[in-house]
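Presented sequentially are two complexes of chain A, the first with chain B as partner and the second with chain C.
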Partner chain A sequence: MQHTKPPRKPLRFLRNSLPFWLILPTVIFLFVVQVYPALYTVWLSLQERQPSGWTFVGLKNFDRLFNMSIFGESAGHTIIFLVSHVILTMVGAFIIAFLLSRKIRFTGFYITVLFIPWIIAQIIVGLVFRLLVAPDYGLLAGLLQNPDLFPPNGLSVLTASRPLPWFGEFPFPPSPAMILLIIASTWRAIPFVTLLLLGAIEMVPGEVLESAMIDGASLWQSIRYIMIPLILPTIIVSILSLTLNAMNGVGLIFSLTDGGPGTSTNILSFTLYTIGWGQLQFGRAAALALIMAVINWILIAGILRNNSSEGETN
Partner chain B sequence: MKFTSSLGRMIALLLVAALLAACAPAATEAPVVEAPTEAVAAPTEAPATEVPPTEVPEPVDFTTWFEFDEKNEDPAADGRVGNEYLRNTIPQFNEAFAGKWNWVNQPKAYDKMETELVAAVQAGAEVPDIYEMLSDSVNAFAQNGTVQDLREWAEAQPWFADLDPSALKACTAPDGALLCIPMTQRPQAVYVWTDRYPNGFPKTPEDFLTQAEALKAEGKYAITFYGSTEKGGSGINRAMFTTLSSFGGGLDDGNGNMLLNTPENIAAIEFLREIVAKGYAPEAVFAGKFQEEEYFKDSSAGAFPTGLNGYLYLFPLTAPNGTPYDTNTSQDFLNALEAGDIYLSPFVSVEGVQPGCNTTATGLAIPVGAKNVEAAHDFISWVMTPEQNANYVVGPGGGLPALKTTQSDPRFQSTFYQQASETIGASACRPWYGSLLRPAEAKELVMNTIYKLIKEDPTADIAAELTKTQEEYNQGN
Partner chain C sequence: MRKISLPSGRSRNNLLTHAILILICLITMVPIATTILISFKSQPDITRYPPVLFPCDTPEKTFDLSACRWSVEGYMRVLAPKPSDESPLGFILTGNLLRVYLPNTLLYATASALCVVILAGMSGYAFSRYRFRGRKALLTAILAITGVPLLTNLLALYQMAVNLRKSPLPFDDRIFLIVVYIGFFLPLSVWIAKGFFDAIPRELEEAAFIDGCSPIGALTRITMPLAMPGMSAIFLLTFVNVWNEFLAGYLLVSKNEYKPAMFGLYDFLGQNLINLQVIAAACILIAMPIVVLFLFTRRTFLKAMVEGAIKG
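Let's look at the complex of A and B:
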């Protein structure tokens, strides 16, 4: 009887640890691009730059942040921007996706054309929308600045004063510039969400909808009680994805309004940029980045939870 | 299981390493590169006998950050004057220091380069040997330890005694450190269309408002100015500070605290409110992106307070009498000025106060961590020769030369420079930020407040809003 020799120790070690060595580059990469910057941000949020170098200031940066008038205002603008952007995008995208799912002629062409806004850089979108409404020279300036249409003096979107707030200091109703920002961001986001929803709608079994129609359900009832529940996971993912993108993007604001007029389009991500890169207050910017990271983590947890519950259902 | 535990150990190790790395201070200064000791002298005589070729030393690169790009030859580019300046000057410098230094310029966006430098120094990253610096950055750089104190070296240089004291002051930090070597000063003046103000630009706010009403009756704007809150509130260092200081006001108490709620500032803001409410300025003054310039270009606005270098960007022009100035270069403005269609003037001011204005110096700084300090010193001394200083000023610098000798250069005897000297001589110009150590934060706060008071909510209590703003800033002191 021949015994097989057990592998020698070093060889066994190598075999056992092979998976570890295979994933090590990925782990190192993640540490370099995610963990290190995250820890550095935490460290930075507790520091202040003095001529002599970095100085530990504890939670002073957070305290200063909460005492800045722009912080509360930006948070209000962020809520208005996110809620309006998400609702308008979802409604618009759903309508378009629903129409495209009806197998009308030239659907492929429509989808191609529809996708154009998504492939245009945010900066370009901002510039284009700005050129539409620039006072006196904008394409729509003649229309907007017509006192008969917008009494008493016409409307100059980029310089118009914001309306008086209805609820204390909360910046609602939004300024015309904020409305323009919402329209521009919605215009750009609709194509991607449309494609997501179109994919989901096309997965809804036709027989289910037909049965409902035969049972006397109206079109609205079929959508409300059959289609929407069936595509709900996609809707939720779209909502959270839109929220995250809108929460963290600043390109459009830069080229369209630069946070103005005044502070009327200043949302948190823009404030973060201006505190850090405009005012050189890197410690305070890091504190705001951490707050925004917490909000983002909550939203990501929402996505993951939704995905896992979807998996369990399947 | 073994794998899981070893993976866990490795991840823990990496986590600790990352934590330590995150908490480690950034690198401070990079080593200084030893330059070749001698420049190659220009050949004087042909050798009588054939000698073996001597080895020409490879010039050492030294880098600069300018807002201009010598490789951009687009005649319509915003920075074309500066681009051309670099195109002409880089070969001259390389020739003057052949075999020793090779000038490599890295073009930077003018509104981002300050932050980029601060971040690079703090991170211990690559920094240039020379940084083209606006004196507006002095306090921020002092606070962040971004650039080197040049005082000791500069005072030993022959050109130091020739520097204009006000330009020198603009480059000086609150602690006396000299953070840049000024090349030009850009105080502000009012550009005026002669036909709109044939009897001279008004001297007092009351006169101005009277004439503004008359111009409004003709369908013209009395004035256009940069009143936008964009770019971190950069309206402040333009017309806003000019107005505040012409009423005897300002932004600080001289000790690093913001002081806004003063009768002078309140009067200035009331004056601005009236201009806006009565429509003496176009709505576009608040639109940003320099759209306000268009109203001066087509002379629909009679006056435009801006920097002395502002004319570099004002073209083509159409005078009120219809005369076009349309070479599409900065020469348009100078031609209009020579023809008497435009003149320069100080701003209006209240009784007992000299017309105020903001002044900015443009200079050269050596960042902390610059590798080639010797080349930077050579570069500064070369640029600070009267001829090179003049080249810079008539090129992208604009404004008035920082060297007193350069001011007597024939190029600065033109009508424009004569009027500029008279205008600045009649004004009391100073940097807008005064003793404020966080100018970028102050700029945004103050501009947003003024914008709110004159545009968004013209009925708001001026004193209360100004107090709120100064308290918010001073909390950070």
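Let's look at the complex of A and C:
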């Protein structure tokens, strides 16, 4: 759409330069807080802190990072955490979104109630779940620490160490604390994805599903072969943004497990914090931040591609 | 937009749908309900093994409503009221959470949200109403930045804060933190604002121009009032995001008296590992304003969420 010619001449200069002045402050803010720090991180990842100041060490930081045992371990934790978190959230959110998309009353009420977890801060969600399993005094501790239900000694979620890994170094099966972390983060993330999926499901014309059912397709078949292909772009965007959020969320771990017991809930985002601010190895931490930023950018590119295929960017 | 209806047994299906949804709502509410329950228990009922759900048992019966030992001990310990002659209520609340951390959070959230609304309104308007060179590239760049999380940039921002603190320039932790928050919640807001402005017909403004209105006049008299719902949605979204943010507030602020509520809460955990009722009470007190705000503004809020979620 072309904008109409300004009615009077003196206004033309103002009208022509106005968008520039309107956008300039935003660009300055984004440059100072987003672009410059990103470049700074690249610089930092090539430096090492010496008593005399920062010195250039090339790619040594990356080399040292890869040699830290915590790096490989927490990469494993991250994979377990992300895969189970994404699967659980997608399944749960799809079921809820499907139910909400049916022709029923009170959907507004249900959405309001179901949405509450998403607006509660990560730190608080962590504490809320911690209260349930706190050793001895948590509400579920009586159940979990019962030796009859969880032989031989009962299960103390926040202190039980990781079971022996099945596949070499890969930290599987996860520790009970990791399972709790997955449950807590899924509880918080489901509403967000539900809303995304609900929007997409409501766009699916009802007639398509109805005619499939009349032709003898089962409910499962019509979901699997008709609805899911139709909302696939939204599903992909949901999975990508869910991964993006979960990979970088750290508040939940702080208040729920603090990375423990041992290092069994150290996912990469938490490891970034411990290397940087715990061990004050800022060079190595910057190297890790850079690796994570690259993964983030791949996810963002995926989201952008799927969104623009829907014709969002105009 | 038609809702899906399945042909057979509709009313029975609907009943089933309601039943499942109510069940899901109840399960969702369990962690919140237990936290509220814990926050009203007294210390002896907290440190009991095995724990009980309701502090209502007597030696004879497992549940007796008249014997419930509800207590506000947790809240008292968080708020720490002290008698005072100066206060009209007869007491003042001396707990750090309420006296220091919550006002800080309120300041950060309000200041960041206001600035984000103004900046996003300005650039969203420009992106929606004008076609200029580089517009599409800039929009895509902003959309891409929307996805960048705070975490990976925090290291550099932390070093920036350290360097600025050492430099002779006037530097304030609080202003720096607010600037960081603005920079991080602005991109998403620009997109939401653009969407809201796109929905306002240009013809209204053009009619105002024809009647002799200046662009600024058209903006303030026609477009701004129509854009108010969108702007308030952006304000709410940013406010809640900043209120709930933890790591930046924790790391970028060096002085304890400038730290936000989420830090206070994390700090509380360290001091009260077994005083679960104190932690629960603090959680409720900090989450309450946001939940109430959400319940009162859910329409605006959810609209902004959907709008933003599709983009980011």
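Here is the rule we go by: the second predicted complex is superposed on the first by the 277 of 314 C-alpha atoms of A that agree within 3 Å, B and C clash if a C-alpha of one lies under 4 Å from a C-alpha of the other, contacts with A are read in each partner's own complex, and residues count from 1 in each chain.
In the analysis below, a contact is a pair of C-beta atoms (placed from the backbone, for glycine too) under 8 Å apart; a residue touches a chain by one contact, two chains touch by 3 or more.
The shown structure was predicted, so the numbers you read here are calculated from the model rather than taken from an experiment.
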Chain B and chain C placed together on chain A: clash or fit? clash
>> Touch test for A:75: chain B only (first), chain C only (second), both, or neither?
In response: neither
**Request:** Go through the superposed model and pick first if A:57 touches only chain B, second if only chain C, both, or neither.
**Result:** neither
Pick one for A:88: touches chain B only (first), chain C only (second), both, or neither.
neither
Message: After the superposition on A, what does A:282 contact: first (chain B), second (chain C), both or neither?
response: both
Of chain B and chain C, the partner touching more residues of chain A is C
Can A:293 be said to touch chain B (first), chain C (second), both, or neither?
second
**Message:** Under the stated touch criterion, which partner chain does A:179 make contact with: chain B (first), chain C (second), both, or neither?
**Reply:** neither
- Quick one: classify A:134 as touching chain B (first), chain C (second), both or neither. both
Between chain B and chain C, whom does A:223 touch in the aligned arrangement: first, second, both, or neither?
neither
Please indicate which partner A:236 is in contact with in the superposed arrangement: first for chain B, second for chain C, both, or neither.
-> neither
Dual-contact residues of chain A (chain B, chain C) 19-20, 23, 27, 36, 40, 130, 134, 136-137, 277, 282
Interface with chain A, chain B side, in the complex: residues 2-3, 6-7, 10-11, 14-15, 17-19, 21-23, 25, 112, 114-115, 118-119, 122, 140, 142-145, 228-232, 282-284, 286-289, 291, 294, 438, 440-441, 444, 448, 451-452, 455-457, 468, 472, 475-476
Counting only contacts in the complex, chain A reaches chain C at residues 1-4, 6-7, 11, 14-15, 18-20, 22-23, 25-27, 29-30, 32-34, 36-38, 40-41, 44, 96, 99-104, 106, 110-117, 119-125, 127-132, 134, 136-139, 141-142, 145, 187, 192, 195-196, 199, 201-207, 209-210, 213-214, 219, 237, 241, 244-245, 247-248, 250-251, 254-255, 269, 272-273, 276-277, 282, 285-286, 289-290, 292-293, 296-297, 299-301, 303-304, 307, 312-313
Residue set of chain A touching chain B in the complex reads 16-17, 19-20, 23-24, 27-28, 31, 35-36, 39-40, 42-43, 49-54, 64, 67-70, 130, 134-137, 156, 158-159, 161-162, 258-263, 274, 277-282
Touching chain A in the complex, chain C uses residues 1-7, 10, 13-14, 17-18, 20-21, 24-25, 28-29, 31-32, 34-35, 37-38, 46-51, 53, 119-120, 122-123, 125-127, 129-132, 136, 138-140, 142-145, 147-160, 179-180, 182-184, 186-187, 190, 202, 206, 209-210, 212, 214-215, 240, 243-247, 251, 262, 265-266, 269, 273-274, 276, 279-280, 283, 286-287, 290-291, 294-295, 298, 302, 305-306, 309-312
